[in-house]
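For clarity, chains are labelled A, B, C, D, E and F in written order, and residue numbers in each chain start from 1.
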């Protein structure tokens, strides 16, 4: 059986930490579907279609990675895609507690298991909310965003 | 002196974890008043009167439990009800830090002490925000909500 | 039914934080039995009989508090004493994780529930291991130990 | 070289914990600039100009402390002020994880280092959000706010 | 390429939580080698050869699981076995911090990545140190140890 | 007044994380005294005089850093050296809770304040216990120990 994992998130924006997790996840899974959540309640900075486009540009040519948006429960999206696993990164113990509750509830509702990789040390402080704050204030976030995504974001922000 | 405790919360919705805490609390206290907070700022899913009604249905016939909404500070509500204790459950260490600050400030302002029980292991991942998310997406949350409350919620959501 | 709680610990030594918890616990329980564990593996500083004697001196005249040493599992000691509850204090989130595991296992093995009170803010940094370290180096630990216990400890250390 | 530190925050309101940190920080730094963030997204209770005025009243006559509002990234504000350091207090381990991410990202972007002091035990439970909640409900928050700030707040609230 | 993972630990004793992780890990990996560490410094309760024998009995007939003791660094043992992954369970945020440091150092020294699964809620409080304590005091630990392992342990303890 | 800080620890061994903290601390303090604790109870790997010698080699020529061993309470050592501050690094939230208790107790006993710097992200997983474990097993720990200290350690271990 082919191993398929969903890598769900808001990715507002997609950071070097996210990219590192997807690349490492490819040694565990045959296919990774990056699931970009609408999360309409969260007051997102980049529109969903842009977040999808940024990440697609990053993984262009990587046939084992696909990128899709979704609007339902993560476990329902996973079932729809025949995924057996959800892939998540953990940075801090605050992350851990939040992820644990979600993963355990998902597991009680379905047979889908969540697999965790830890961020590398240098990526540990990088989270989307801090990076977004730098972008909003016109700061230089190029250290924290993969080059292709950063170029796309810069182009998009110049157009606005 | 009769031991009276307030069990305060948003209960949006009331979960199996909440129910378990109230039932165990009855071996510690003579009377438990479930205080349903208005918390208008929080963007609640169920209106206050519904949340009160759902929980009242659950504890119908249990004369040592009563359910009321309140709109003031929890310690002021407790004093008004002649309660000497606030009862709280703790699920995770993130909960703990938040609860500690509130409990210690309450104790500095009044003589009311907060008593903590831990959720049982199987209820630890269940929190209202995850359960609400399942309900919003039309998922099956019956594992995480007491049967009577779940029936009331289903009826209420069908009426809307 | 009379509410009886065990307050178990090594109490090596008994601190102002422990004393505060026992006194507050008396508003919840009819009787508190302070259970002084042998914990032979732990390399204790004060012998068990001394630790029992120090705490007995502190609560002399308080008929609702008794002090005993025990050498079995805490839940077995509790059953032996007809206690329905174990009383524990939590200072930090590190404490919390440790206490949660013990309390949940105890609850799975018996019907005995663990009730938690939080230390008051000024007692939060005080733990027996820090206080013991001060005593070992001949420092002044009188801020962190109840006066009666401190006097007993001083007398005992002078005799050695 | 003169040591200058920024002490950034929302200070909505400024608490006894904040005041204690500034006073202790004066033994480390020659000058402390209290930076009051606009944080427009946060739904602040007191307007920025009021928060600045309250804190200026508190430190009137203390020539080594100044108070300013700012609207850019904290590191950009620090550079503008020739500060080499950011001063922050940590109360809990939840605070710590949040502060660590910000401090490490700031350090990767600039040479500005963040210096942490711990709140004193009695101030540990006091955070602006709890204090604000007490004020909103008309409770007595005088234990948690420095006297001068509290007098200013009371006057301001009576005027409204 | 065949996916091989090491599942390292002291397993003093092997619990229901460990067993659950190995079984779930089999959906991720082709082969799992349970690595039983000597950890001579730790003052182990069961001798290494017994711990190996207990776990072998549990997985008898499961050809994709093997059990071996090792005495070197976990990453060196993994390389020796051609494993590309280390499998670890996380129960609590205290576990998480400890595991993160080890996993990140291992990753800096080698290309071996650590994959984490979370314990199921009902297994979260079960750790070997609590279970060992129950066994030492002659308590009933059958809820916390897989049946085959428990039978082996009982036989072994009766022989002594 | 000259700012003097003690940087206390076991340094068994001194890591790249420790070195980074001392160098950054020099922008805060006029003089840093690295205090190498005897901690006889801890079962140290390198003898105290060696740990002192390793660190002295590292800071040779840096007149604002001195290295000494001590056997009393850290606050007593600090007072003896006329230090007004204790400098400590924090890596994780587990560290934080431990450090907070010590720092707050020290502050209650004396006027000495503890100043915290955070480790840089890449040093966060490096702690002496993991590094010691690598050395004990003959692994290559050169990534985690400053070059001069590593050369001294290698020479010392070859002599044994």
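Just so it is clear, a residue touches a chain if its C-beta (ideal position, glycine included) is under 8 Å from a C-beta of that chain, and two chains touch if they have at least 3 such contacts.
None of these values were measured; they are calculated from a predicted model.
Shared contact partners of subunit C and subunit F, listed by label, are D, E.
The most distant chain from subunit E is D, comparing centres defined as mean Cα coordinates.
Fitting subunit A to subunit C on CA positions gives a rotation angle of 180°, reported to the nearest 5. Work out the mean CA point of subunit A and of subunit D, and you get 34 Å between them.
The distance from the centre of subunit B to the centre of subunit F, with each centre set as the mean of the Cα atoms, comes to 47 Å. Along subunit C, residues 92-94, 97, 100, 103-104, 108, 121, 124-125 each make contact with two or more other chains. Here, these are the chain pairs in contact: A-B, A-D, A-E, A-F, B-C, B-D, B-E, C-D, C-E, C-F, D-F, E-F. Put simply, subunit A touches subunit F in their complex at residues 92-93, 121-125.
Those residues of subunit C that touch subunit F in the complex are listed here as 91-94, 124-127, 130, 133-134, 137, 139-140, 143-144. On the subunit D side of its complex with subunit A, the touching residues are 72-73, 76, 93-94, 97-98, 100-105, 108-109.
Within the complex formed with subunit D, the subunit F residues making contact are 3, 24, 27-28, 84-85, 90, 93, 96-97, 99-100, 103-104, 107-108, 113-118, 120-121.
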